[in-house]
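Think of it as A, B, C and D in the order they're written, each chain with its own count starting at 1.
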Amino acid sequence: MGGGADGVAYFGNLETVSKKAVSFLKKQGYVKSMINWGDKFSLWPVHLMTSCCGTEFAAASGPRFDLERLGFLPFGGPRQTNLIVIEGTTTLKMARSVRIVWEQMPAPKWVIAMGACAMDGGIFYDSYNTVPAKDIVPIDIFLAGCPPRPEALARAVVMLQESIVKNRPPAADIQVTAAPATPGPKDVVEAVSK
Amino acid sequence: MSAPQDRTATANLTYDELAGLKADRELVLLIGPAHPGSGHMKIKVWMDGDIIQRVDPDIGFVHRTTEKLSENRLYIKAIPIVERVMLPDTINANLAYVIALERLLGIEPTPRAQYLRTLTSEINRITSHLYGIGLYGIFLGSSTVYMWAFADREPLIDLIEEISGARITYSYIIPGGVRWDLPAGFKERAETVLQYMEARLKDYGKIWVRNPVVMDRTEGVGVVSKSDAIRLGITGPNLRASGVDYDTRRAKPYAAYPNLDFEVPTFSEGDCYARLLQRVEEIEQSIRIIRQVLKDIPDGRIISDDIYSKMNPLQKRMYEMKHRVMFPAYMASMRPAAGRSTASVEAGRGEIFFYLVSNGDKVPFRFRWVTPSFLNLPFFTHVMVGQHLADLPAIYGSSDYFPPEADR
Amino acid sequence: MIQILSLLMSVSLVSFIEYILPPILYIIVFPGLIVVLLMLFFMIWLERKVAAKTQLRFGPLYVSKRFGGVIQTVADLIRFSFQEFIIPAGADVFAYIQAPGLLMAFGLLPLIFIPVGPYYANIFPANYSLLIVVPLIIITPIYVILLGWASDNKFSFVGSMREAFLVISYEIPLILSILSMILLYGSVNAINGVSFQIGRGIPGIVLNPIAAFLFLVVMIRTTGRFPFEISEAESEVVMGPYTEYSALFFGIGMSLPYIELYSFSLLFSVLFLGGWWPIVPSAAAASGVVGGLLLPGLVVFIKALIVMAFLVFLRAVYPRYRIDQAITVGWDQAVYLGFAAVALSMALVWSGLV
Amino acid sequence: MTAASRVITGITFTTDEAKGIFEVEASDGAHLLDLATRLKAAGFDHCLSVTAEDLGDRLAVLWHISSYTNRELSGMNAQIRLVVSKSDNVEVPTLTGIWESANFLERETYEMFGVVFKGHPDMRRLLLPDDFTGKWPMRKDFPLKKTPWRVQK
């Protein structure tokens, strides 16, 4: 039967029909604002702990900060979620997982880069095993702090909600270049000499 | 099970060949790193039916090369790095590094600083154990315990925030002493929090520790015998839950522990339930230690004379006014004499080991540290084998394994 | 068709409306689709809110602050409705698409055969209602297994297998529990069962507490409440059979347990909680739509809501069992309890106490 | 520095108690295995750390051991040191046969320093990705510079 190749189900081309219907609906103004309202209060982050800011992420969903008030419900599988919170450093190994999870998620999807490490490396800036998060997935909100307090994460979620209501689309996908993934001494020397 | 090609591939086989196919029974699961029960790691599990045959933990997803980074930075700058690796347990990482550094420098902290170190270390131990208990709740499916544990961490975090000024990453301990003295009225507030904590432990007993489902899930699961625990080098509460009476606070005394009266609880069963009880008992002991520290804490400076004499007049005045140590310039330019030192500290999850080598330069020549979670890796390769798939999170959670700490 | 035409000719328009309206009311409005949808929204919100209150926090709130975030599920539904629908490359497309729909259909079907008022006998053949409801309740897990098979995902597969094992092991207790009530009431017609309870003035839960307890356990198991939330155990098999489903199809999959919960709770209140007692419509009122269907139905619905609220509260108290422990309970203790329930019913009937 | 010596079951340790150093030097692989066997018999029952030091043209491989059961020894972080000449793949005998807890620690030392432990049951990379092209990041000749890295999709 095969899945994505032709996408033909038994009652016409399901994919095109549904896409047309959805795009028609999305053009209607009131429908658009309703979708935005739904997205705003239904930001479910996927369970992907990239690094140590995960402890503060956990505290943020704990009782004192309780981000579920905002409809923010950490959830297990990537297929049902629409938000990645990159918690801190992304290493070479983790970068691939982040990219795969991002691609597994259904559109529209958003990304919050939490912590200094996710922004530009933080105190691990010159490590041989880290990748800046902005080179892996498109990022909507950068959140400073090392680690950011849970209140700061709440603020980032509210900022994201505001940008959704203002009808801003999610950040566009970035070009992931096929540069050497893991430079050794030779690559480093070349990069430095340039 | 899956694609049609698979079925056509096996269509030509005889019944015997089909029966002999191990793939019929064997299933390889890749759990993680985006799996709710894995944390920051990938666990490759070979299963025969529901029984785990072999586990290969693929760690390093949070390997942030702290050893290499620390060997290229000033001595004092390694403190934030080691803290960020052990985020639920920062004071103990900080303390272990500073003890190794003090041994290199030949500095002895003041008695009051020793007591303050013990105090913050024990508060941090409670928060670390609560973190472990809470995540164990998630692993077994009880979100209530997770929420309660994270709620009850907060008053303790507030206490330590009151001393050090930060929520998680304190950088409180520096060579020669600590950075802040106790604020006014701290003892009364600490006593309130301790009483609250004791009352809450009873609630945990009702909903979690003596919950019949929890007992069914954990008793007799993931048993580590005493000899196995020693052979595999398991450390911390997991070791003591297997009946080994070893605690770094006793065996390799540091800070104010030689002056304090506390017990090292041990359990002989070595199963998941014993490891859960072990953490609860250790919280009780930590409460006892904190009470003693607050009662017995001696007066005096919080920074040793070596460092105090190197402060400039402004910093000295600030210290006299606010009992707060501003970083003396000496800290940035420390050049310990050539030599080596080791240090061991009992963190929430077990023994942190530090090995520092100085060649007289301003950066460490060799910076080596081993974290307790890394030593607890045999839980995956040895303890889970022969258990059900559903026991994997039960054993994982009971070992309180924290991947960023193991990967360093 | 001919029947309807002849009917049209033989009766006046008013009596035709009286004839056609109650079934539509029954299927579309109550206890059918509209109420199911409202109940679904309310129940999912209640589950999150009750758990949050137990856990010292607020739960969903800011979506409608004045009403405690009660429309949180609506926001989730809107988001799910307009999300991208992904079909995995390895999936069996036909099965992948049809399984959630069939699941929904078979999840809703038992509702038709659960009487919520004496008027029900006028609309549907009620004489064998219990005999029809039981297989319909048992059939849905087959489509859960289809979900997992079609997804081409190992976690889905493991989750489906778990569901299959659990369903098989809890069928006998369910049948024994209902059988003991059938023996007691002397009828496979649920309306007669309610009349029996109202006539004696004793609800079924007092007459045969073993069967009631057993039914409750099977209900918790079938609807995947804690501590039997095993086939969707998050820390073990991600979302179980629903792992690969996104967008609205996931919404259908996840709402199914609540629909099952609803039909089970209605059945529980009919069989064990005295049905529409204390409202006992007179013979004249029982033949009308309002007195015979709506008012008694409201009572049954409220009783069912209380049962559902109790079951969703279990999430806040219990962790989950391991699969082999749950299966052992199903094949071992639960079956013995089932025989005990049947024996109790037989003893009650033979001794003539009721 | 106040270095002294201490003798445990016929093995002389170079000792600096104030710094927590108890060191014994092995001359070659055979001597290392002999030492380790005797130390295990003396009561050192687990391995705390395996690591190496880059001494320029040589590598010093270190095993830190301690004891859980023996009260006298449990206060020490003893270390066995074996100095070998540096090359791309240095070969030393494994001590996993004696202390099973050295398993993961030796794997880490392999990927960080390029020390191949002969006889180790599972000599693979542990922390770094399988396709990491750089050689032995913890050696001193591995530079630490910020480079514009990308991840391959």
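Just so we're on the same page, contacts are C-beta pairs under 8 Å (C-beta built on N, C-alpha and C of every residue); 3 or more make two chains touch, one makes a residue touch a chain.
Because the structure is predicted, anything quoted here is derived from the model rather than measured.
The chains that touch chain B as well as chain C are A. Ranked by how far their CA centres sit from the centre of chain C, the chains are topped by D. Separating the centre of chain B from that of chain D, both taken as means of CA atoms, is a distance of 23 Å. Centre-to-centre separation of chain A and chain B, using mean CA positions: 29 Å. Here the spacing of chain A and chain D, counted between their Cα centres, is 41 Å. Averaged C-alpha coordinates give centres for chain C and chain D that are 62 Å from one another.
Annotation for chain D: residues touching 2 or more other chains are 128-129, 137, 142, 144. In chain B, the residues touching two or more other chains are 35-36, 60, 63, 65, 68-69, 72, 147-148, 151.
Among the residues of chain A, those touching two or more other chains are numbered 1, 62-63, 76, 93, 126-129. Contact topology of the protein chains: irregular, matching none of line, ring, star or complete. Pairwise, the chains that touch each other are A-B, A-C, A-D, B-C, B-D. Listed in rising order, the residues of chain D touching chain B in the complex are 1, 16, 18-21, 45-49, 51, 53, 62, 64, 66, 68-69, 71, 74-75, 77, 79, 99-105, 112, 125-129, 137-138, 142, 144. Residues 1-4, 7, 9-10, 14, 18, 22, 25-26, 34-35, 37-42, 62-63, 66, 68-71, 73, 76-77, 79-80, 82, 104, 106-108 of chain A are the ones touching chain C in the complex. On the chain C side of its complex with chain A, the touching residues are 48, 52, 55-63, 69, 72, 74-94, 97, 234, 238-239, 242-247, 250.
Across the complex, chain D meets chain A through its residues 128-129, 131-135, 137, 141-153.
Note for the complex: chain A touches chain B at residues 1, 46-52, 54-56, 58-59, 62-64, 76, 78, 89, 91, 93-94, 97, 100-101, 123-124, 126-130, 146-147, 149.
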